[in-house]
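Pasting the structures here.
You will see two complexes here that share chain A, one where it goes with chain B and one where it goes with chain C.
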Partner chain A sequence: MATRLKEVDAIMVGMGWTGSILARELTKAGLTVTGLERGEDLSPRENFGLPGIRDELRYSYRLELIQDPALETVTFRHRPSESALPMRRFGSFLPGNSVGGAANHWGGQHWRYLPSDHLTRSRIVGRYGANAIPDDMPIQDWAMTYDELEPYYDKFDKLCGVSGKAGNLRGERIEGGNIFEGPRSSEYPTPPLIMTESGLMFAKAAKDLGYHPFPQPASNASRPYVNSEGLTLGGCQYCGFCERNGCEANAKAGPQVCVLPVLRSEPKFSLRSRSWVSRLSYDKTAKKVTGVIFTDTRTGEEYEQPAGIVVLSAYVFGNISLLLNSGIGEPYDPVTQQGAVGKNYCYQLSRMGVTLFFEDKFFNPFMGSPGTQMVMDDFDGDNFDHSALGFLGGCKIQLGHADGRPISYRPVPPGTPRWGAKWKKETANWYQRAARITLSGSNYANRYNYIDLDPTYKDQLGRPLLRMTYNFVENDHKVADYCMRVALEIARAMKPTMMGPPALRQGDYDTVPYQSTHNTGGTIMGTDPKTSVVNRYLQAWAADNLFIMGASTFPQQPAYNPTGPVGALAYWSAEAIVTKYLKSPGPLVHA
Partner chain B sequence: MTDKAKPGEHNPIGRRRFLLGASTAVAAGVAPTAAAQAQQQGAPAAAAAASGSEPTAYLTLTEAEAAFFAAVADTMIPADELTPSGTECGIVIFIDRQLASAWGGGAKMYRNGPFRNAKREYGYQLPLTPRQFFAAGVVAINAWTRKAYGKDFDRLAAKEREDALKALEQGKAALDDFDGKAFFEALLQITMEGFFADPIYGGNRNKASWRMIGFPGLPAVYSNLIEQYRNKPYVVEPQSIADFS
Partner chain C sequence: MQGWEVGALSLFIALPAIPGSAADVEHGKALYRTCVACHTERPDALGPSLKGVVGRKSAALDDFRYSNPMRRANLVWDEDNLRAYIQDPQAKVKGNRMPYGGLSDPKDIDDIIAYLKVLK
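Here is the complex of A and B:
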């Protein structure tokens, strides 16, 4: 029998970005908040310091900061006709596993979604007609526009000390920034990072071809920065160990650097790490959650924590799992297309690109950060005319050196063996002289890509694992093929000594090689409870005191990485809770 | 697998000593180029370390396994003017420590059944830990090379080892009840990890691979250097975690 704890005003289930932001905003409003985190607590000084943090094997290959699949993983199949098997090791994506969440090991590429990304369906219908959207592509608009969310994007930028250059300041287009972005109310908090030689070469070639390259916006502060919480971030050291590692310079934004130091000293907040929430207590008739059940993994004891408000702030899979394992909302069925929990699971097109070799260059690929890349968005989202193309969506295209760590980064010319004397010679010759154009693309929802509960496999607490049914579809392959043509045009303009074969998005989804930890959907936002799980304030339709954060609320995945909107939505939802919900608890939107 | 190698059958201790001696001899027989000499400057103990500090005991590897991994390491990473051989770089030590580590014992893996064979895109689907998987693989490969070449893998001539690894890599080796291609990929991966990882794990001795490509290692603090060295070689004595500890 679970020990019942004293009720608190609000619980965070997961203490990454969104749990930390919500806990901060709700305690500021006077609420008592408990943050529950399955993983351990970390201290940047203790855990992310030199020299140990510069260990490629430990962090990139033994996955020190990544969720342990022995505790909980997902099962996978390509299509509903197959039976799923567990992902026994994480490969394709790498969820985080401690206080700070995936932000401990993210790279920091920091985007705002395009205004057209917020209106995906209506924009396409308006521009190309309703028939342009295939029947099996249930894309939806976001439940708020870019303009509505802009102040919250801005707020999150200033929490993170994002580096970059504006391309649209209050409606004025600025050359050198991203001219496709939505209007920003202010310039980036810190200037762009120092650009690599390869980034400059890419930018020149792209510009000469008439495109609009700009520096990658990054939550790697380019110089020391005092953030909106009064906390000081360090300047990026261009160490080349960013993603999968912690940051010893406190330059990479994350809750441990940007929020938690303030939150930890807040008397109304208590943090419970190693506390694994197994389910929510749900009163279906009253449409309320009454609290959560969790296991303290240090003692094995089970607790019931009652709360007035429950915030699901876990990773995408944790949020979906807690709804399905608590019987909240209707599970999605791809045959009837009824139900919304698990619907519109999306990913991101990645692992696409082409490697260029320059015999007269010296790139020092180990000096860099995720922000030392130049990007172009001319073929992203709906920034280009899709009228005669036969697909929807697009890619960002970029180049720069960010992580020349030697176990993983060893470019060799096409035809080189993978070992032996010839391989050694070519590796030694080209390590310093190669650069890779990469593409990341949108991934629009498909009727048969979804999440439900696995009938066979269980997690360590005995709960059914989530089952992912997912594959790339024709639209994805067409996006990749089209954008690769542009990438190759730029590649040729850069006049390399030689080029590798273009890596395209081909065949079935492969769960083994890393692609991106940008899983989205499953608890999507919308205006209709039949086709969405949360309303525009991220409040669950099934329980008015349940709020669901993060990328699980995205109806589909644009080409951009999701953390920027995840942070903006957290501030947006927190404000709605404080200014609307606390005054009049109940549904904030009447469907 | 009925033809499992028995300890002592091929006098593995003698074999192992022979291998280590052979690879050292190969390294010594290659006239180092000026570049390689420059690479090795600042690390005068390198050659001595290669043979002198070789431990006589492993944490987990059997002698037959150690001989197998040594033969693989020296085939994948032969001694030349760029680096000493894989064995001399400590790759067998690295593999031994990795297989004896929590990772080798199956940490961070979901290991519940049921198990079933699956398409490659589903990822690793065996109940074996990495330690067990490599043990089974060594047995399977040696059984295959005995059939195909009449000897255990580590006793093959250099050219035969290369051919055998290529056959495994291309999925052309007919192994009994074992996925040779998947094993090859694991073998290549752990060998490269041993070659390129920080030397604190026992491989990449004297930072040989880092010297080969020009990777400076630590501290990797470049905010004042990235602009200055744009399109210019940045040549420093590489430093490892141990150098700062």
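Here is the complex of A and C:
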């Protein structure tokens, strides 16, 4: 029998970016808020300090900041005809597992989605006709436009101290920034990081070919910055240990640096780590959730925490799992295409690129951050004409040294043996002299890519695991092939001594090698309760006091990394809760 | 209160900056913004408080967990030691865990030290 705790005004299920932002905004509005986090609490002082944090073995291979699959994982299959098996080690994607969430170990590539990414379906239909979208691609628009979300993108930028250069300031296009981006109301909070030589070489080649390269916007502050919460971020030290590690210099934005220091001293907020929410209490008739049930992972004791508002601020999988395991909303069925929970699960096309070798260069690849890359967006989303190309979507194409770490960064020319004296010689020779163009592509929804509950496997609490049915489809392979041609054109223009073979997006999806932690969809936003789970304020159609944050609300995944819009949506939803919902609790959108 | 004298002096000569002039506390304060990302008074700060650091023994604060190299350094943070440390932290205390590469301009270092003197 669960111990019943005193009711609070709002609960956050998960204390990463969105839980921290919502907790901050709701306590500011006077609400009492409890933040529940399955993982342990961390502190940058104890956990992200030198020299321990620059440990590639510990964080990149032993995955110390990553969710433990023995606790909870997902099962996987490529297609509905197969039986799914549990992923017993995370590889392709790496969810976080502690206070701060995946933002403890993210790299910091910080984007705003393109205005056209907010209107994916309308723009495709408007430009190429009603038949341009195949029946098996349930592409949808976002439930708000870029212009509506801009003030919240701006707010999140100023929380993070994002470094970069504007390419569109209040409608004025600026060369040197990303000219394809939506109008920004203000310049980036900090200037771009100092660019690597390899990035500059890529930019010159791309520009000479008529493209529009610009510095990668990054939540790696390029100089000390006092953020919108009055907290000071440090300047990036270019240590090369951003992704998968905490930041030793307070320069990489995350809840631990940007929000939690003020939230922890807020009397209306209480944090409970090692508290794993197993289900929500749901009153289907009243269309309300009444609280959550959680287990203390140290004692195994179960608690019931009643609350006026429940915010699902877990990772994509946690959000979907809690809906399915609590009987909230209708599970998606790929055969009938009815139901919306688990629908439009999307990912990212990555692990694509080509390595260039330059006999006469010396790149110092160990110095850098995700922000020390130059990017071009000319073949991203709606930025180019898809007529007669036979696919939808596109890629961002980039180059720069971000993390030339000792174990994983061993570029060698084609034909080099995988081990032995020859490998050692080549790896020593080319470590300083290689650079890699990488591509990150959009991944649009497919009818048969979805999440539901596994019929066989259960987690430690006895709940069915989520089952992921996912594969790349023809559209994805075509996106990759087309954009690789552009990458190779730039590669040749950079005049390398030699080039490796282009890594394409071929065959089935492989869950083993890391690709990206850009899992999206499953609780998508929309205007119709039949085809979406939340409305434009991220309020669940099935319960008006349930709000669902994060990338699980994206209808499909553009080429960019998802964290920028995740933060913007958190501010957008928080404001709707405070200014609209608290005044008049009930559905904020009537479908 | 030597620090106050330096501070008061700088008020008169800070603008315009005269090459070779006495240390500029205001400029030191501006440079110090780089330091406060870690060196704050917060209990969870990444670096130890620098209030009153001038003249203090190294690794002297009870509530900060210093690195072993810093604990062994056994320095007094006088001007010479501070200057050497700010110029190249790893050269002065090898293996310390401050993620900072150092300041190269001697005038900048003088200004930061002048500010540290008044930071109490």
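We adopt the following convention: the second predicted complex is superposed on the first by the 591 of 591 C-alpha atoms of A that agree within 3 Å, B and C clash if a C-alpha of one lies under 4 Å from a C-alpha of the other, contacts with A are read in each partner's own complex, and residues count from 1 in each chain.
Here is the rule we use: a residue touches a chain if its C-beta (ideal position, glycine included) is under 8 Å from a C-beta of that chain, and two chains touch if they have at least 3 such contacts.
Just so we're clear, the structure is a prediction, and the values are computed from it rather than from any experiment.
Engineer: Could you look at A:A591 and tell me whether it touches chain B, chain C, both or neither (first, second, both, neither)?
Structural biologist: neither
Engineer: Quick check for you: in the superposed arrangement, does A:I407 touch first (chain B), second (chain C), both or neither?
Structural biologist: Touch status of A:I407: first partner only.
Engineer: Can A:L57 be said to touch chain B (first), chain C (second), both, or neither?
Structural biologist: So A:L57 only meets chain B here.
Engineer: Have a look and say if chain B or chain C is in touch with more residues of chain A.
Structural biologist: B
Engineer: Looking at A:G235 after the superposition, I want to know if it touches chain B, chain C, both of them or none. Which is it: first, second, both, neither?
Structural biologist: both
Engineer: In the overlaid three-chain picture, which partner chain does A:R45 touch, first (chain B) or second (chain C), both, or neither?
Structural biologist: second
Engineer: Which partner chains sit in contact with A:W419 here, chain B, chain C, both or neither? Use first/second/both/neither.
Structural biologist: A:W419 sits against chain B, while chain C stays out of touch.
Engineer: Pick out the shared contact residues on chain A: the ones touching chain B in one complex and chain C in the other.
Structural biologist: Shared contact residues on chain A (touching chain B in one complex, chain C in the other): 50-51, 235, 237, 239.
Engineer: Flag every residue of chain A that touches chain B in the complex, lowest number first.
Structural biologist: It comes out as residues 50-52, 54-57, 61-63, 66, 68-70, 73, 76, 78, 85-89, 91, 194, 196-197, 200, 235-241, 361-364, 366-368, 372, 404, 406-407, 410, 418-421, 424-425, 427-428, 431-432, 456-458, 508-512.
Engineer: Can you name the residues of chain A that touch chain C in the complex?
Structural biologist: 43-46, 48-51, 223-224, 232-235, 237, 239, 248-251, 261, 264
Engineer: In the complex formed with chain A, which residues of chain B make contact?
Structural biologist: Spelled out, the residues of chain B in touch with chain A are 75-78, 80, 82-83, 103, 107-112, 114, 116, 118-125, 162, 165, 169, 188, 191-193, 196-198, 200-201, 209-210, 212-223, 225-227, 229-234, 241, 243-245.
Engineer: For chain C, which residues count as touching chain A in their complex?
Structural biologist: For this pair, the touching residues of chain C are 33-34, 36-38, 40, 42, 44-46, 65, 67, 95, 97-101.
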